[in-house]
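Per-chain residue numbering starts at 1, and chain names A, B, C and D are given in the order in which the chains are listed.
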Amino acid sequence: MNKFYRHSVLSLLIVALFAVYGCSSDNGSNGAASGTSSGASGASQAAEPAADNLATELRFPLAQQVPTLDPHLALNTNVYVTLNIFEGLFAFDENFNPVPMLAESYDLSEDGKTYTFHLRQGVKFHNGKEMKAEDVVASLNRWKTLTGRAQASLGDSEFTIKDDYTVELALAEPRNDILSQLSHVLNNAAILPKEVVEAAGADGVTEYIGTGPFKFVEWKQDQYVHLAKFDDYRSVDAAPSGLSGKKEVFLQDVIFDIVPDSATRFASFLAGTYDYVDLTLDNLPQVQGLSDVTVDKILGSDINLVFNKKSPLFSNVKYREAVAAVLDDDEILLGTVSSPDLYRLNPSYMYPENTTWYSEAGQDNYNQKNPDKAKQLLQEAGYNGEEVTLLTTKELGGSFYNATIVVQKELEAIGVKTKLDITDFATLLKKRADPNAWDIYVGLFTMPSTPSQLLYLNPTYGFADDAKLAELNKALTAAVTPEEIKAANDALQQYEWEYLAAVKIGDTYSQRATRSKLTGLVTLAGYPNLANVKLSK
Amino acid sequence: MTAEPLLQIRELKTYFHTERGRVSPVDGVSLEVGKGEIVGIVGESGCGKSATAQSVLRLFDEKRLASYEGEIRYGERDLLRLTPKQMRSVRGNEISMIFQDPLSSLNPVHTIGDQIVETLRLHQSIGRREAAKKAVELLRLTGIPAPERRAREYPHQLSGGMRQRVMIAIALACQPQLLIADEPTTALDVTIQAQILELIQDLNRRLGMSVMLITHDLGVVAETCSRVVVMYLGQVVESGSVRDLFRKPLHPYTIGLMRSVPRLDGDRQRELPAVPGSVPPLHQIPSGCRFAPRCPYADDKCRSSQPELAALPGTDTQVRCWHAGRIAGWEAAQ
Amino acid sequence: MAFYIARRLLATIPVLFVLSVIVFLIIYLIPGDPAAVMLGDGASPETIEALREQMGLNLPLLQQYGRWIGHALQGNLGDSLFMRQSVRAALAEHLGPTLSLAVLAELIAVVIALPLGIRAASRRGEAADKALTGFSLFGITVPGFVLSMFTVLLFSVQLKWLPVSGYKPLSAGLWTHLQYLILPALSLGIVQAALLARVVRSSMLDVLNESFVKTALAKGVGERGIVYRHVLHNSWLPILTVVGGSFGTLIAGAAVIESIFNIPGMGQLLVNSVQRRDYSVIQGVVLFVAFAYVLVNLVVDLLYAIVDPRVRLQ
Amino acid sequence: MTSLTSLDSATSLDAAEDAAENSADSITTADERSPAELAAGRLRLRRENRRLFVRRFLANKSAVIGSALLLLVAVVSLLAPWLTGRDPYALEVADRLKPPGAEYPLGTDNFGRDLLTRVLYGTRMSAEIGFVVALSSSLLGLVVGLYAGYVKWLDQILMRVMDGLFAFPAILLAIAMMAALGPSVGNLMICLTIVFVPSIARLVRSSTLVAKEQTYVEAMHALGASHNRIVWKHLMPAALSPLIVQGSFVFAEAIIVEAALSFLGAGIPAPTPSLGNLLSDGKLFIYNSSWMTIFPGLALVVVVLAMNLFGDGLRDLLDPHARRAGKKR
């Protein structure tokens, strides 16, 4: 009995092991998400012969996980993907000017309150359906309710259908940032088929069907997103600039790999898996020597110190002025990016490149580096050692944390008691929404296209609720002619430097390396437009 | 020496290299085992009898622990000069050994049959199936009931006595000429002890196999051995036929040992005599005769120079004592 | 024997139940919620609230747990907001990489540790023994993730033999599958090899002192026979225990290596899910890892019975 | 010449050695000697045993090196504040990423903080974590193990909880506790203790189960000793030597787990320097400012090596049937 017993146990174990092992590994390869477009054939038709020796597949590294591919909800890295799948009525050219994309043209009524958008005809969705006004209206009304900045700008006015190819937007009062709002990259005002929009739950659409040059193929959570060329994409025939203009597709497949570890991304670039990668200061010298690699600087996020205007201390403007007085922006920026040519000083809350909205107003409050004045202001305000909580996170590349601890040092230097509250990203979001959990938050912000979209100017972010600020902000969006805009903009920025909802610290650059065999890659504020990109073998 | 000599150990010295320097548990031992003869080796524990036995098969680790001197003549070969390969062909084939504790001397994870087959296939070119059959025969030979079933069982399923029979079966696998039994019955209770000794005597008679029986039990020696060697502190102090030694022990140590054996007709009131003191440690060997510190008759001569092992004129017994002849008289006088 | 297995599996139910309660409490304690993470800081509070409502996060904790345990008992571990699939499917998908990595790492560990341990035990004090002490100290002292930094530099960047990171399932061909796993498995395997080698050595040294080794020697068994047939066969018990334990930790604890080599295994799934507060997946991973661990221990116990006849499965 | 087995504990040798050890007081039968002589004999015995223990300690290479390194780590940890007199938190952004040189012996990090001071403080923090975690998990594990081993019905419950904790991923516990209770060194220590208690408890339980079967425990029962007395006076010492050895390995392991957690952002809260933090900070600058990774890495190796060597040495010394290895000359 004994020997038989031993053999039976052994064979049972082996069978069990293989069963577990077998079933787990083979279903590892089937696509997880639905979303392969029903209309167009799954795999693209027989790939037509590459023009000359062009490669058909491009792999592109992403630095963070992609929580959603719904364009209306997409922020930071998932925008890299959604920008190439979806399009909006308008798109930014390289100077952040809104340029017609899905809309052929638009008329603005005399009183500047009613926009009429004329849609291009014969534009196809990835599922073969032609884009019509009903799709635009359904998409944009959903976009409006989901996005904070859109609600602040449009209030409760609605998009309505005039006819199959005309959409109208009636506003309560004139606003000059509508086109920018429709072009802005984050929470993009993308157009999706009506039935897809209506089927979407609160957690976003489930079918990723747009009108862009690439169509969605497969999304393997936390691993990769696979896009393929959309063969009957109707391109605008304007010259390509920024995210707008002509879009020709030379690639068959684009695979966005999710590689959170920066050292791994860089090593994969060196090993040839990727031909484009973001660089850290440390990787720089290793690529500068390579002949086939070009390194360039692209404008990244700007850094602002946001006050919690409901906190005991910083509800009093004197304390805000004291902090503004002590900040030494060079030291903070150097501490954040560790290299002088990766930042620049800039007193305005907008980038100089965005000519219409750039202003120098109030710049004398910028980068004061005046500890004595700060100490004096603190005394006047009656500071006696209350603890200031600095809220930050080490995630998102660590820059938030780097800037915060230099600010901490500068505050401690003038006798301010500080406490560092470092949490993970999810907790940060929660705490920042809670008025009595923090005092100061130093953050990096993706530069919006108009001041009205600046997060820290509206109540949900740092609790700014000042009548004058709101009034100036509204006046700015109502201004129509360039002169009116300039005057209103100067007034708003001047007042911002007095009210100090936030203190501008400076702009940062990020560096990237591109191999010479990858040509035609254009980025806007760091976000890549993969149309017109060629990759030789 | 009636029987023709099978094993002759001459001036064997076994050295152990320990933390506290070199010691020699076997310090110049000479003894013989004749063909078909059962020789007993007795002495208190720590006197080197087991070390001598294991030195015959060179079981100590010669790389890190032990080294040998002298000669172990077996037939024409000196076992101390054999290469490891040659030595292996002797062990279990020509000379086998059984040990004291049957519980831990068998491999717990192999069946009884496999452990016998292993010896068979080591020394004989024999098929697996045939070896298994032979193993069952060997188990029957050593008196184990239902040998077929037992062969498939594991050591922990057998009793102490049964396991010792298995050890003997393993030892007999290749009909060795000499069986060294290192205290085979010490760990067994009396009734089983008798059966094992009877088995050994029976095998000695039927197979003509010589036996070197190591024990500290004089009763066992009396019952089974024809000749006996008494060892003390790594040396032979007396050796001769069982009849002579039991009737007229010459060496004071032997006398002391004999007297400390309780007798059935013994006087129960008197305290049982014991040899005073205990065996000194190996690195504190007294000068002169090693037994002197515990010997009632020791004089200056004994304490200064060491007597040689020599035959006492008029007897067949060899003894290592300056006053061997006279001691019997002194004893009688008391 | 089947009864024994059934009893052991049933015994895990209370453990899993206790674990699920602990995880739910921890989830309740951690601030931040999946809705905010999914919608990002640009979204308006109303939309975040709507999503929380849809996910049932506003229900009292007890009711949430009741709903979860109700589903769990019928085998439905709920759906994941971020993974866009059922938790069970997500677990199955991430099991493959973890299992492959764990098996390969354990294989490397055994292939290195067994011969090294055996030689060190049989040649005590000589070169092999010293090498083992050195290697085992190296293995324990240098953490896997530090080791991986250098192996990637050498094999992937310099020599370009192996890909830097990523994962290909077995169905993409054995060699491609292995190519992606060699470096991470090496980083994990070497540490486990160090631990295992020490146990092999010490357990064999213990067995060498047993008297049946002397019997074997007296039977004329050669060195090889003694080491492998007699000593090694009796050392399997402690060795199996350590192999079981290390296989368990490889399943649960490879998160750092998985994130460095970007392997979509259980560790990475857990870290991502915790960071984005994907509650149902956290719960699923913890329970699965615990169950896998119990399974590994059960297999080890069964192997005990095979390896050592004295072990009875009561 | 057979070359294999290390049969150094051959039966005859043991007998001889045991005789040697208690030879001191058995030359004359006990009752004849005066108490003074007896006391003197016992004192001599204890002194000889201590000498023997010291000689064995010195002969045991790993114990010697281990404790030497441990001493170094202890000294560095205690004197960290005074060794360089610099504040590990003071940043001098102008001096960032300076290679090792005169002004900064080990160079600076990306905020211009002196790396030598941070490595010293980091070593102190890691040593502190290791020590506290090893101590608390040993104590907790001892209690759980003893009672699990001794009391039958308790065994099932405690061991199932231990299984649960054993399978609980340390990462989740760490991230969760850090996020929930706020990042602090204390929370991390609690979390690491919870991670290591099960392994210690199992070890103690197995040694208690073995010890419980010994006849002397039955004798204790017979003499009417209370359960607690038996557990703490007799069973606990049996578990002590494996516990101390395992404790030293927990010390080393705790430091490595803290380093791994720092990599995942759940370790000691920045900017407090710990070897784990320093290593993960250095990772971003590994090519050009490699000193930010090398020196903390070295410190980590020294501390962990010290503990492992010490643990190894301890195991051989405390292990009752330690190999009395012969040195064949």
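Note that in this section contacts are C-beta pairs under 8 Å (C-beta built on N, C-alpha and C of every residue); 3 or more make two chains touch, one makes a residue touch a chain.
As the structure is a prediction and not an experimental result, all values here were calculated from the model.
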item	value
Contact pairs, highest-scoring chain pair	A-C
Chain occupying the most central position, where position means C-alpha average	C
Where chain A and chain C are represented by their mean Cα positions, the distance between them in whole Å	37
Distance from the mean Cα position of chain D to that of chain B, given in whole angstrom	48
Chain centre separation in whole Å, for chain C relative to chain B (CA means)	55
Whole-Å gap between the CA centroids of chain C and chain D	24
Multi-partner residues of chain C (at least 2 other chains)	30-32, 124-125, 149, 214, 217, 259, 275, 309
Sites on chain D at which at least two other chains make contact	2-7, 175, 179, 283, 286, 325
Numbers and ranges of chain A residues touching at least 2 other chains	2, 263, 395, 423-424, 426-427
Sites on chain C touched by chain A in the complex	1, 30-34, 36-47, 50-51, 53-55, 81-85, 89-90, 92-93, 95-97, 99-100, 103, 149, 152-153, 156-157, 160, 163-167, 169-172, 259-262, 264, 268-269, 272, 275-277, 299, 302-303, 305-306, 309
Chain A residues touching chain C - in the complex, by the definition given at the top	2, 5-6, 8-10, 13, 20-21, 23-29, 32-33, 65, 67-68, 73, 75-76, 145-149, 151, 186-187, 201-204, 206, 219-223, 257-261, 263-264, 267-268, 270-273, 395, 423-433, 455, 460-461
Chain B residues touching chain C - in the complex, by the definition given at the top	54, 57, 59, 64, 88-93, 96-97, 99, 101, 104-110, 118-119, 122-123, 154, 156, 167, 170
For the chain D and chain C complex, residues of the former touching the latter	2-7, 9, 62, 160-161, 163-164, 166-173, 175-176, 179-181, 249, 252, 256, 259-260, 263-264, 279, 283, 286, 297, 300-301, 304-305, 308-309, 312, 321, 323, 325
In the complex, chain D residues that touch chain A	90-91, 93-94, 96-97, 110-111, 175, 178-179, 182-183, 265-266, 269-271, 283-289
